[in-house]
């Protein structure tokens, strides 16, 4: 239903311990943010692509498509960095300088690399395992329980919303802006009411199984592959090393 | 108005995370209290959070022809109060980052500050003010969404302006640039989401008064 | 594994006595309902929409409190305190019609572990219990799938597992076959059989009279909150007037069996063994290929029974 979620739950790495995937990806993310975009960002992009496509066996096209949508957002966001106040060619007092263009390019690269690290988590690690990981990191139970139930309910609401929209469109409810806004409002209201009713019935279901105010569950246990984790982290550290050497040689 | 992953320099990423933390901790405390005192509202809280995510994944009509996503900040703030929105908002932002590649992890703090803290509080404030002065639920909800949207958009512009000061004009000039660019999409969006929110809240109050009483909106 | 033991005389496992229930600001759902559920007997509650069968299930599990009358478990009336109701819910499990109303956790394993932990089992025993139940109901492969990526039928079986993991004496299922394709329906029927094998008594509601006729030992026909008829599937569903009053169509198999007996293809005794159209076809095919008619001897009933149970 959500592409990244489906990939994470059906992919080759789904049974691997979350730490094996999340920790290397986070190390890459931190390197991306902490080091200059050149050469860190292209290296991180290459590493995440290798991990997703070669190790995780995610088809290259799906991986690129997963990056394309955020890339659009990122590109539009960099417009604000590229444009600076000043007398431009048009009537608007904005212009592009060489410095601002380079800065925009750097942010674009860094942002793409960082996004690829987050998407790598998204396409390899099921959310259920991420929540288990958060639980083991002592995130309060109130929060992880809320996450579990929200995650469960979200898909139900999205499916309902899509069906409502299909049925509205089939009845010409989305022709024209005015009617469109009204239909969207009606649909949203219906989904909200449904979510409230669903919540009440879920509560009956919980009570019928002896709910006493606490939502205790056991998670599926997965073995942690230390060797695999070590290899992945080594790759990330190697990128850091290249970036440090690069910085020194360009200074000297 | 998500700031994408990798957009903010590390010092800014850390600073906005620190700035958001107390509000989120307060939200967690409120959530804990609510779960302890009203364990039977557990699923209601989850439904509220799921609904916020649903709204952010929902396409709404937009004047430019393409569709855009509402923030859902105002509906959440009016129905569930800003403190709870602080924590559910952070969770929604986290889900968006991992499941939709929208926003990011290093920008989670900054996005939480604009969308889970400033937006809800501004929207809620506007709702209370307009509702009590005009007595109209419709106007209150409309104002909540417009103000929440604009407050979010201004906050994001400030955050980006601070991260990317211009060589000549500095931070202020940069903020002005971001405000100007985002205004093209954000102001129409704020009005459309205002209409949508006003409709939803008034319809809910007539279709579903029991739920609205439970949530203490009516 | 507990073996099915016959109940002491006059004391059924689970009993409803004179239940009345009206929904707050809603319709009257139950009027003076009496019901006996015996250990090991398959019970189907039948009726049109709004007949009160789902409400009756909720009452049997003490999820709602009747306005009048009471629920007895092994002869003892269940009190109204939260503690007593919770104790009762451990013995009478409830599976809701829509599995999405029941699966609160995204992970199958986590969801199924919820009930056992609430029974007070420690983590190791609860883990073992979950693994046992998933194995018993042939769900092990789905253990770490998120619920939203399961098919409706799979979610239904997981919802059943979540209750089965509490090892209730009675399992009450609301419309367990509704909305399923034939394959998924067979899987649910099979799931129920596996539960019965471990000593759980099943009571369910359904619209599907064809299936109820094939599956149930006892059926109860409800209409407008009242029990219209109660007895064997043949006695209750064979009564056209009663079915009409309940606004239900009797299953076609009953008419076919009547016709087959009338045509001399089957004896009444043989007909009472046939529960489904498939079985009837088998019997007719066996007879026409046998030719001589020797399998029409009254004592061939045993062989026929064996043939039927082999399917």
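The first chain written gets the first letter, and so on, giving A, B and C; residue counts start at 1 in each chain.
Here, contacts are C-beta pairs under 8 Å (C-beta built on N, C-alpha and C of every residue); 3 or more make two chains touch, one makes a residue touch a chain.
Bear in mind that the values here come from a model prediction, so they are computed numbers and not experimental data.
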item: Maximum inter-chain contact count - chain pair; value: A-B
item: Furthest chain, CA centroid comparison against chain C; value: B
item: Identity of the most central chain, Cα criterion; value: A
item: Whole-Å gap between the CA centroids of chain A and chain C; value: 44
item: Centre-of-Cα separation between chain C and chain B, whole angstrom; value: 48
item: Chain A and chain B, separation of their C-alpha mean positions in angstrom; value: 18
item: Touching two or more other chains - residue numbers and ranges from chain C; value: 104
item: Of all residues in chain B, the ones touching two or more other chains; value: 43, 46
item: Shared interface positions of chain A, touching two or more other chains; value: 5, 127, 149, 151-152, 156, 198, 202, 206, 211-212, 215
item: Residues of chain A that touch chain B when the two form their complex; value: 2, 4-5, 26, 29, 32-34, 66-67, 69-70, 73-74, 77, 79-81, 83-86, 92, 94, 97, 99-100, 103, 107, 110-115, 117-119, 121-122, 127, 130, 140, 142-143, 145-147, 149-154, 156-158, 161, 174, 177, 180-182, 184-186, 188-189, 191-193, 195-196, 198-200, 202-203, 206, 211-213, 215
item: Touch list for chain C against partner chain A, complex; value: 61, 63, 86, 89-90, 93-94, 96, 98, 100-107, 109-111, 113-115, 117-119, 123, 126-127, 130, 143-149, 162-163, 166
item: Interfacial residue positions of chain A with respect to chain C in the complex; value: 1, 5-6, 9-10, 14-15, 126-128, 131, 148-149, 151-152, 155-156, 198, 201-202, 204-212, 215-220
item: Parts of chain B lying in touch with chain A, wherever the complex brings them together; value: 2-10, 13, 28, 31-32, 35-36, 39-40, 42-51, 53-55, 57-58, 60-61, 63, 75, 87-88, 91-92, 94-95, 97-102, 104-106, 160, 164, 166-169, 173-174, 176-178, 180-182, 192, 195-196, 199-200, 203-204, 207-208, 211
